[in-house]
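We call the chains A, B and C, going by the order they appear; numbering starts again at 1 in every chain.
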Amino acid sequence: MWRIVGENITQQFNRRTIFRNISFEIKSGESLVLIGPNGSGKTTLIRIICHLLRPTAGKVTYLNEGKRISFEELQPHLGLVGPYLQLYNNLTAFENYTFFSKIRGLPVDVERFRDLMKRLGLAGREMDELRTYSSGMLQRMKYVCALIHDPDVLILDEPTSNLDEEGVQIVYRIIEEQKRDKILILATNEPGEFRFGDKQIHIAA
Amino acid sequence: MLKNDRPWFHGFKIFTFVWMIFVIIGSIKVAPEATGFVSTSRVVFFHVPVAWVAVLAFLVSAVFSIRYLRKKQMEDDIWASSSAALGFLFAILATVTGSMWAKHEWGSYWNWDPRETSIVILLLIYAAYFALRSAIDSQETKAQLSAVYSILAFVTVPFLIFVVPRVIFTLHPQNPIFTNEPKQRMTPSIRWVFFASLFGFTLVYYWILRLKVDIERIKQRMTEMEDKS
Amino acid sequence: MTSRSTLLHKAWYVFQKDLHQEFRTRYAINAIFLFAVTTLIVVSFSIGPAGLSAQVLSPLLWIIIFFSAMSGLSHIFVREEEQQTSDTLRLVAPANAIFLGKWLFNAVLLIGLEILIVPLYLIFMNLEVKNPGGFAAIILLGSLGVSTVATIIAAIISRASARGALFAVLSFPITLPILVSAIHGTGMAIAGRPMVEMMGDYQILFAFLVVIFTASVLLFEFIWII
């Protein structure tokens, strides 16, 4: 059982307040949707939750089985897909997969790689460098790399950007599966995706 | 609000002003007694305190940089950068006064003497610090990265103090306060003026630093008000 | 998960990844090798066959090494920033592992460069080193220091604009203790002085390496996650 608790998170850039005193709590089996207009700070909040940015004030704590853990302990169980998270485009899909597996402390599981590639409709392109991929394929590839370790916490920022109808359906299936017994956090502008959240946070601009 | 929150500061200003007048009078009246050098030795009353402030400002900047990394308060960044700006100014003053004296005593403005080398390095560090600050847009990133650089430089400087004199031979007068060589030793009256000047310049540094910090705060407040309107 | 061995493993994977990428694009390798060779030829051509003393040849060698380092070693972080992969890396690996991996890459690159460039320098300058062991040791120790400084400064400037100019400006004051000692020691080694006389330089280079490496590891997290 995993839990993520955010307390009174405030973020400023150049002394301008992006948002103030946001608190939330989410545990395994729950899902959270961040809703807000462009520029309201959805991405900023996600970056804070994923420890990519330190908040100006407030804090995020991570718990496993009721015990507080550090971000480093959460790291191997965390997956994130977002527009600012690019993959190495002069390495092939398999090389990217290999690197992300190893760095997460996992063995390089070729079977799992094939399954994931097939599931995301990328079969046959395993040995191509990512710079030959289209933007939609890159978005799919990001899911391959985010799902390597079957993360207990999956965070998606604009999950369906650049995807075609088929890709959107694949992602929705991933979302449904994830929220069943794990943590899912979603930031989106698509009204059709709000339904995936048991809880919602509205961030005002 | 900025003005009235510290009434003691008025007293401080008057005290510093009077103190510095006495230092200037003292330096003119006392200096010719100095043995060893002629009346150019008066420069010691200004050159050494100015160099001391350049180093002190560097230290203060590093301390506030560490504080910034710990607490992330913009206030600490204002102190760190203001002190660095003053340090830069005082380092230039120390270089100029020193090289004028060197021209008179050693016959050339520049000799790459260890002390000259150290002050140039200090100048380079300050210049790099401000070059870095001007190349970053986001205030938080600017504060954070320049704090890190300031600490890295702070770690480096003690090494330079050890390393440089090993390689370059010095002409610079060795520590004239504690030396045992009677010719270079300061007479008591000179020593009094010297320490009074050292103290006085430290007060002046603090005074300008407060002014600079206030200016920066006002600037920040103005940008905040612009953002709101 | 945070045990020391996994940290080192992760650093190793980061290193492998960078090596892999580097061999695909050869950006840093090209930059640093071509720069070094060009400078070397310019220097030796303009000096000609005039036999210069060790006191001149030693600083020249270190000037070539320093500026070659400045031409290519920032790429390790600038590339992550330009390809927008730094957030990805931040997400999957602890800061310490990333710094160690990147440092190892830069150290290997710089030492690899020297294996090529130093013998060339000796040949072009018609220089005979009378204490080769001491010479190699001082260059190795100095280069480890230079690559440490270059790595931490690269991390800083990758987040700023006008990176190219800033890199040398910021690195130079921090590298200076290394350069001063290394130039001094290299000169002594060329002149064939015994190891004992160079001990002071070794001590300073080693002490500085330890201090700046520790400071860099401690401070890197503050650069990496703003």
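Note that contacts are C-beta pairs under 8 Å (C-beta built on N, C-alpha and C of every residue); 3 or more make two chains touch, one makes a residue touch a chain.
All figures in this text were calculated on a predicted structure; none of them were measured in a lab.
**Q** State the smallest step count from chain A to chain C, taking one step as a move to a touching chain.
**A** Between chain A and chain C, the shortest chain-hopping route counts 1.
**Q** When contacts are scored as defined above, which chain pair ends up with more C-beta pairs, A-B or B-C?
**A** B-C
**Q** Please list the single chain whose C-alpha centre lies closest to the global protein C-alpha centre.
**A** Of all chains shown, the one whose C-alpha centroid lies nearest the global centroid is C.
**Q** Using CA atom averages as chain centres, what separation in Å is found between chain A and chain C?
**A** 37
**Q** On a C-alpha centroid basis, what's the spacing between chain A and chain B, in Å?
**A** Once rounded, the distance between the two centres reads 50 Å.
**Q** Taking the mean of the C-alpha atoms as each chain's centre, how many Å separate chain B from chain C?
**A** Centre-to-centre distance between chain B and chain C: 32 Å.
**Q** Out of chain A, which residues touch more than one other chain, so two or more?
**A** Where chain A meets two or more other chains at a single residue, that happens at 54.
**Q** By residue number and range, which residues of chain C touch two or more other chains?
**A** As it turns out, chain C has residues touching two or more other chains at 226.
**Q** Can you list the residues of chain B that touch 2 or more other chains?
**A** Within chain B, residues 140 contact more than one other chain.
**Q** Could you pull out which chain C residues touch chain A in their complex?
**A** 1-2, 6, 9-10, 13-14, 16-17, 20-21, 24-25, 83-85, 87-88, 90-94, 97, 225-226
**Q** In the complex formed with chain C, which residues of chain B make contact?
**A** 69, 121, 124-125, 127-128, 131-132, 135-137, 140-141, 144-145, 147-149, 151-153, 155-156, 159-160, 162-164, 166-167
**Q** With touch defined as at the start, can you tell me which chain A residues reach chain B in the complex?
**A** For this pair, the touching residues of chain A are 12-16, 54, 56.
**Q** So in the complex, which bits of chain B are touching chain A?
**A** Spelled out, the residues of chain B in touch with chain A are 72, 74, 138-140, 220, 223-224, 227.
**Q** Touching chain B in the complex: which residues of chain C?
**A** 152, 156-157, 159-162, 165-166, 169-170, 172-174, 176-177, 180-181, 184, 200, 204, 207-208, 211-212, 215-216, 219, 222-223, 226
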